[in-house]
Each structure stands twice: as C-alpha cells, then as structure tokens.
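A short worksheet on the structure shown next.
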Amino acid sequence: MADLSTAVGPLRLANPFIAASGCFGYGNEYADSGLVDLAALGAIVVKGLFLSAREGHPPPRIVETPAGMLNAIGLQGIGVRRFVDEQLPALRARGATVIVNVCGTTIDEYCEVSRVLSDHEGVAALELNISCPNIREGGIQFGCSLAGTRDVVGAVRKVTRLPVMPKLTPNVTDVASFARAAEEAGADAVSLVNTFLAMAIDVETRRPKLSNVMGGLSGPAIRPIAVRMVHECRQRTRLPIVGIGGIASAGDALEFIIAGASAVQVGTANFVDPFIWGKLTAGLDAYMTRHGVARVADLVGSLDTSPQART
Amino acid sequence: MPHTAATRDRPAIADVTARVLANTHLSDDYNVLALAAPEIAAGARPGQFVMLKPRPGHDPLLRRPFSIFEILRDAQGLPTGLTILNKRAGRTTGLLAGIAPGESVACLGPLGRPFEVVDPPTEAWMVAGGVGLAPFATLADALIARGTAVTLFYGARRDADLHCAGAFERRGVRIACSTEDGSRGDRGLVTVPLARALERRGGTAVHLYACGPTPMMRAVAALAGRHGCRCDVSLEQVMGCGLGGCYSCVVRVRETPGGTPRFVRSCSDGPVFDAARIVWEEL
Amino acid sequence: MADLSTAVGPLRLANPFIAASGCFGYGNEYADSGLVDLAALGAIVVKGLFLSAREGHPPPRIVETPAGMLNAIGLQGIGVRRFVDEQLPALRARGATVIVNVCGTTIDEYCEVSRVLSDHEGVAALELNISCPNIREGGIQFGCSLAGTRDVVGAVRKVTRLPVMPKLTPNVTDVASFARAAEEAGADAVSLVNTFLAMAIDVETRRPKLSNVMGGLSGPAIRPIAVRMVHECRQRTRLPIVGIGGIASAGDALEFIIAGASAVQVGTANFVDPFIWGKLTAGLDAYMTRHGVARVADLVGSLDTSPQART
Amino acid sequence: MPHTAATRDRPAIADVTARVLANTHLSDDYNVLALAAPEIAAGARPGQFVMLKPRPGHDPLLRRPFSIFEILRDAQGLPTGLTILNKRAGRTTGLLAGIAPGESVACLGPLGRPFEVVDPPTEAWMVAGGVGLAPFATLADALIARGTAVTLFYGARRDADLHCAGAFERRGVRIACSTEDGSRGDRGLVTVPLARALERRGGTAVHLYACGPTPMMRAVAALAGRHGCRCDVSLEQVMGCGLGGCYSCVVRVRETPGGTPRFVRSCSDGPVFDAARIVWEEL
C-alpha cells in the first residue's frame, strides 16, 4: 500500500479524501448506521453552522439536472453550541478528523462561531463558508468581494489558532484573485469550489423546481470548471488547495491533485455511493503503485502543460 | 461482493448489485420488479425502503427511493430477494419499467424507520392510493403473523389500476376498494369507504396506516384525528441520499399540538410518521 | 399548428430555434448534405469570423465530459471576406436567416468585420463574440470588462444598421450587469451564454486533454446555470434575450423562454442529433397547443416565482 | 421511422434506431456488432463511417465514429444492415461490447469520403493494424468486383488478435500477417512484410490503402513515398459531429509539397486522405 497521507498546510490527513460539507450530515449519521468508519477518511467537513439553529428552506430542496443536482437546503442546522455539545464528542470518540464549515451573517458571527469551536478539543480546522449561494445573508456577500473575503479571513485569523480555510465560490470572474486575497489575509489554505448558482424550471407549471427559486449546482457536471479553477489558483498563489467539485472516482480526484490540490472533498457522489471512500483510497493506491509515486505530495500540481512533443 | 455495514441496533445496510430475477408488466404504468438481494431482504422490516440506481453512470445520477414491496424466499423460507412495485414517473422509474431479467440494479438498504406493527385486539386498517400500496404487503404479513385483523382500503382511478389486490386477498386481508369512475367498489376517493367504516366500527380499536398521494393522506389523517385513531403515514418526499446526509427530504413536524414546527429528515426520522406530528398545511 | 414566430428586438424569426455559432459550420455543410432545410430554422449563427482567416488550435480540440464537452477550436475560420464571397450567396439562396458571429482582436477589427457584413445583402443580424474563452486575444478581454463591453458594442453600433447582439460570457460574477452595459451602449439584444472556461486532465500522462490546455464547457451540464443567468438578465434589463446553453429538447428550450428568452440557440445537442430541429418545433407546437398559448411572446418571461400556494 | 436526408450527388444520410441483430464476441477487446439499418447499408461506400450512440441520454453524450465493416444482405442480395468491428477503448466502445440482440443503437450515416476503388492492372494492397481492419472488408469486395487483385497486410500483437482474417481469405484476398511476438507470420510490425513485398514487386503498379495506429500509417506513407506508390490512409481523429459542423476532427494537410499547411476536417474532407497530403510530423 502506497503512503496516501497528505498535508494541507498545518493539517495532516491520513489520505486526501474528505467528506464535503452539507453532504455528510454531522458525520455521526454515517457512523451510527455503520456505513462509514470515520477514522478511515482523510477528514469530514460537517454541515455549515451558524451561532444559532436555522431551519432552512421549505422543500423541494433538491432537483436532479444533467450529471448534477441543484440544492437549496438553506443551511438547516443545529447551531454551533448544540454541535459541540451533541455531535462533537461522538466524532472525537470515533477518531474523525473534524473540519467545521463556519457560517455567519456578520463578521462577528464568523468570529464567534470560530471562537466557540476553538475552545473545544476535537476540531482540526475551520472551513469558512463565504460561498453558499442559497441564502442571501449568509456568506456569499463576503465571498463575491475581495474586500469581504479579506475582512472575514483576517478577523477569524485573529480569534483562532486552528487552521483557517475559506471556501471559495466559483460564481466570480477571477477565482484566483480571491485565493490571493485569502492568502494575504492569513488563511492557511483555500477550498474550492462551492456550488454554482443555478435554476431549473417546471415548464408545465411555469414555476421554479426549487422552493427557493435558485439553488447550487454540484456533481460531475461542474468538474471541468472546478479543475480549471484549482489550476488557476495553483498558478497564482502558494496557498495549499483543497479541490472540490464533481469527484466520483479516484481518477476524478487525481485530476484535482495533478492540477494542484493537496486534498479533495467529495459531496454529491457520496449520495450515490456511500461506500465510495474505500474505492477512492484503493484507486489512488493502485495509481500510485502503478506510476511509482511515493507520496501524494509528488503528484500535487504535477500537471505538464508544455506543448506536446510529437515524433 | 456487496458492501455491508452492520451495527448494534439495526440491520446492516448493504449495497448490492442486484440481478433482475423477473420484471412483471402490470399495465403501461405499473410493473413489479424482482431483485436478488438476500442481504437486504434478510434485514428488511415493513415500511422500509431501498435506494435504487438502474445503471451505472451519470444519467440518471442519483438513486431513487422505493418501498420494499414483497420479500422473496427460497424453498427453505430463507430470504433471497425483494420486489418493487414500480410506477412510471420519470427517468429512473421509466428505466425500471423496461429493465430485463439478467440485467442488474444497484440496491442500497434496508433504510428508514419501519411501521409499528400493532397487536390484537386492535385492528389494522391500511389505506392505499395507487402505488401507495407498496409498503403494505410486508406490513400485512407481519400483522397477520401476530394475529391482527387487517383491512385494506384501496383506491385508484379505475378497476384496471387496482393492481395486486388479489395477493392481499390471498393473505387473508379484507379489502374495500374504491375507484374514481365507480368501475369497482365505491365510486370516489378511498376516504368514502374509510369514513363509512370508521362511523360503523363501534368499539373496535383501529390503527390506521396510510400511503398514497398527499391529499389522500391528509384526508386520512383528518379522519383519524376526528375518530381518535392512531394513524401512521408513509411519506414520499424527494430524497437525495436516503441516509440522513443531505437534508433534502425534510418534512415539517410538531412534537406537541401547537408546538413550534421544525424540519426533520423523512429518510431517517421517517418515512413512517405518526400523522398527528405532520404539519399537513405545508405538505 | 401554433404560431411559433418570435421577435428578438427588430429581428423576426419563423420560430425560436437558432443554430449556435461554431456548432453548425457555415450552415451550408448541413444543407449540402441534405440534412437540414436552413429556411426551416429560426436562424443560423455562422462560425465566428475575423477579418482574416485563422487556422485555429491543433487537435485534440474537444473532449467529452459528464453531460457536456470541452472545445478549444480556436476560432478556425475563413475570414469575413471569403465568407461573403463563398458562403453567403448559397445561404441567401437557401432562404436562411443568417446571423454572423463577429470576432475581433481590436475594436477596429469588430467594426471592420461588421462593416463588411453590413455592405452585403443577406445578413440579418450581428452577434458580437466578446466571450470566446479559447483564444487570448479574441474577445474575452472585452467580454469580462463592463467598459470593454460598452466600447465594442458602442463602436459597432455606429457602423451598422443591422441588429447588434453581443454574446455574453458566463465567466463573470454578475452577468446581468453586462447585459445592462450592452443595453446602455445601444445593443438590440443579448445572447447568452457562451461556454464556461474549463479543463480536463489525462491523469495517466498528467497532461491536459486539450492541446490548448483549457477549453469551453458546453452541453446539458451547463443548462441550469445558463437558465439562471437568463432569468437574472430578464429581471434587470429590458433587452431581448437569446438563451443558450445545453438545450437538447423542446422542454429545455421552454425553460429558457419561460425564464425570459425570446429565442434560443442550440449547439452541442445538434452534434448528437442533426435532425433535432424538427423535433424542437414539434415539441414547442405540442406544448403551446396543450397549454392554449397563442404566441411565443406570451411565454417569454412567464416564470411565476411567487411562493407556492398550499392547500 | 428513421430520419433521412437525400441529396442530388450523394447517398442520403439517415439516422436510424438500429436494432442489434447479433453481437459476436471475438476476444476480451473485440466484438462484431450487427445492426439493422437498410437505409444506411444501401448507400454506403467503402471507407465510409457511421456515428453511433449506444443509448439515449447524456452518458455518454456524443456519438462516436465507426467504420462500416460489412454490409448485411437478405436472400435477394438487398442490403439489410451493417456490422461494426468494435474495439473496447472507453465508454461507448465498452457499451457496444456488452449490448445484446434486441437492444438498439442510434446510427447516423453513411458519412465521409469513401476510398477510391482502383482498377486492374494496378494491384490493391491493404495495410491494417488491429481494428484498422474495419474499412477493408467493403473495400475488398468492391476491388474484387472490379477484378483488382487484393493483398491484405495485417498486423497485430499476437496471433489471437488477428481477428477476421478468414473472412478476407474467403473473399480471395491474399494475406500477409505479422505479429509483434512472432506467433503468426513475420515477427515485428506490419511494415516488415510490406517493405519486403514492395522491394520485390518488380513492375507491378500498386495502390496502397492503410488504416491503423498513427505510427503504422506514418511508416506506410513513408514507404509509399519511397516506392512512388499512391497511398490512401483512413484517419481516426476524435470527432464531435461527423458532419462538418464542429471543426474538432481537423488534420493538417499540404496541397503541394512545401505548400502552406492548413487544417481540414477529416469527417468531410476525409476520413480517407491521400497520404502525401498529410503533415505527418503533426499527427
């Protein structure tokens, strides 16, 4: 077995495969039902948390689209305090590497949520959700502005010693400039991408298919755009990158890693196949063995874009 | 090799590449699909469901939820598989209508909260609209095994759509049919014979079970409330994962009458709910 | 048969179905081979034209991705003068409604190409390609800047009386602001979307799958994002909209029309099914008859986003 | 009802939902697929191709190009369909390997520029590497019908990969095989026996036809140039549409030696090209 461990800045992971936020509940659901050994994952990112509980949008909250899905869950969640009380202890006991997806409607809220989490053992890193397209007041207003990104990252940086990783939205003209803004403001890494703002219409009723009108597009459909964005960020920053978007196989994950990601998150594909994690590590192991690659780090950003030599 | 996940308190959830054993055409819209999935069949309880994907690849992408209709058993009575009562609604159900024996389907389960199986002297009255019949075959078996008297109120548009009623009769289930066009049983909705029976039941304690279109379940829940009967409904919300991971399948419930409503996941808190908890105005 | 005719500003079309630029050659290919009666289409947009011929990128120029494809053709083309000499007469003779996709590396070139086309009979409208993601110097630098968009549209507006329709890129934070910029600069309509900048990596060779490294994502995968963008433009401008992105059926086209498009373009799906045009008109006709809709205009922007009434 | 498009000067292009008549497994990698497509078979000429989509939907999305291998005929000799020599390479070819009789495939064609069929006394020498054999069965038939002597130089990795050679022998084609492992015919590439035969051909005029991996075709083109033979190659560029619409399938050609190279579409200008036109350094 090859050495699958990887580092995302200060964060060490047993393998590069991370369960994406909002796609894995609080993690305990999958452990309770015996489906997944949480300690076997690189890490899990739990569902986005505000200071208080949120009830989210009314259903319908999802709709399938070609090779993808739209969601407008609206960040239903139990709030950070109930999380640390009710969910974190079990996650710790299960040996999970826990990253929390931190949400806020104000910079103060991001800081307060981060403070609560930093005060508890068992949180490995903070992923700042400045990119949820589904609620007006929750993040995207920061994530679509360079100043907003700098402000949130800089403020959270001051209140925690945990690794800070803003999660970038793809709904911008130049994503790499946001990675740079995060870098300047003291982030330890960036994760990208969150979902693409999108919509689907029921033509029979002439109404949107989601109660929230718009939702976020995820799944294999978006993968080529996400890979491009990781590649752009790799070229223009030195920040470690966690790649996200449409990963459904080890080969898909390798595209992100070769483009420049030190680790990857898997969301939608885990809905289709909750046993995907073992297949991902086995596939990466087979690839590294076949290609004689000793460490994941040797693959990260190894893309060769020189013009093809022809004979 | 199927993937399975065992736990202390509930049957293992398995992901099986299930071979199609038979695909029985009932009408243009309905078929019964028999799948080889012994691991899932062995642990399944009445009211549970499976998540199916008719073929690998991205079209369709997500699995879809289906009630376990019947458990298949070999000569020794050991579970070998399960059947699905499939109604054509779109991509996946369309593919499941046309799939041939020998092909296979990815089948994940058993999932969800099962029905509570009531004991005598309480009677079990099952109320089914169309494909809402699906969860009741295994429930009827469990009830009958306990000696509980079972009645099925079964409604459809017309006689030709009242599929599989015979299989319930053979189990010893009393059946009251209704059709919208009056071609069999009462003319009108299934609540017509149900309301009449509730009026006339005298002192008999009745536990209602309902599955079907939302307006039907809402009406049954209202009748149950009026008559002071416990009523379990099996809801059919759109589900992204079936495992509690995505929060797509929520339904608004109130824990106490007049309490603050909140969203709970129907894949893990349900699909079976006490009808009294549901905020019906929003469904 | 319902009345399928529609108007895109000053442009009248027999039906809303237009062949998208770069996906239908110069149109004559499809007529020569007897596949398509060009006069039966709403219009055709011919491949992007510069002043001079361009040879385009080396192959591989396309790669399939989940429910989509990447292309980096690099705007291979014969140049506007050979087009008007060699292709336009046959298109006229065939009764095609011809829209030309106008390219330029400078504002002067856009103007010059537009002038040449305006001097010839048989061109119905100009689609300004300020959104090709595949060549550095060809358009995207205008299409990603509000000032650039205004400058190109304003300059071309002055040199032609033909309807002017800039084609917008989706690779921006706020597409509706570009539609507004186009409106202010005197455009008659906007078309959207062009392709999403994306990439795919061959993990075995660790090289990009396209010779150009990046390419544009098209096809059903992008449809939900494109529909959202049309909806946003409809809400924030009065300009007629031509919707583009992943349309493969009459139902898909209706999503765009209901979201606010007066006509639609079909690209990738025409590769899969060159006989698609008859199916699209038949499907729209059936829908309009079933819903008792007299004119396409009654559907345009008819989306109902009011909260669902529940009973 | 298939869609067809007739024109003055070339056979109609039809889009047929072609039923699979048979699927003959040759090896893990190769199979021969027989499709019912009389409209396409009737107009097809040697070297032309079809664009196939193994199932509706978006996965896979685009059609893929395949040479027409053989024309199927009924007892009266009327064309009823065609076969495809399929080599597993990815999604579509994988699906076509597994597809069962009775299923159907979307089949668009015939497409592309056919081979020029040479007359006697010139001899026709066909050079095939692996699945590059596909366009030569119909070409051999056409050549033999004109009385032209036909030789097939056929190379593969090993004997077991030299599929369908018997069918060519039965047609009266002379065969010279080569295998990389020497298990049949010459050891090495197919250019070994070809070069030898060219050296020894004396005054015989020879027209070469080549299809196979790019390095093989390049080497055959070089031999043809050295020996002053006309050589037609059938190229296998990635194709998005097969109809001249997308400009994905281009290949660089020079109209005159030393002329300016330019990209032409291999779906409409080809797939058959005079090898002397191709800019081989870039392929």
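First chain written, first letter: the chains are A, B, C and D, and each begins at residue 1.
The rule is short, and it goes like this: a contact is a pair of C-beta atoms (placed from the backbone, for glycine too) under 8 Å apart; a residue touches a chain by one contact, two chains touch by 3 or more.
Everything quoted here is computed from the prediction, not taken from an experiment.
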Each chain counted as touching subunit C and subunit D at once: A, B
Pair sharing more residue contacts (C-beta pairs) when B-C is set against A-B: A-B
Whole-Å gap separating subunit B and subunit D, where each centre is the average of the chain's CA atoms: 54
Approximate Å spacing (C-alpha centroids) for the pair subunit A, subunit D: 47
Gap in Å, rounded to a whole number, between the CA centres of subunit B and subunit A: 36
Residue numbers of subunit D (touch at least two other chains): 58-59, 282
Residues within subunit A bordering two or more other chains: 66-68, 219-221
Arrangement of touching chains [line / ring / star / complete / other]: complete
Subunit C contact footprint on subunit D (complex, rising order): 3, 5-7, 10, 12-13, 15, 53, 58-63, 108, 237-238, 240-241, 243-252, 262-263, 268, 282
Residues of subunit A that touch subunit D when the two form their complex: 66-67, 310
Residues of subunit A touching subunit C in the complex: 65-68, 70, 144, 171-173, 196-201, 203, 205-208, 211, 213-214, 217, 219-225, 227-228, 231, 246, 251, 254-255, 258-259, 287, 302-305, 307-308
In the complex with subunit B, residue positions of subunit D that touch it: 57-59
Sites on subunit B touched by subunit C in the complex: 58-59, 281-283
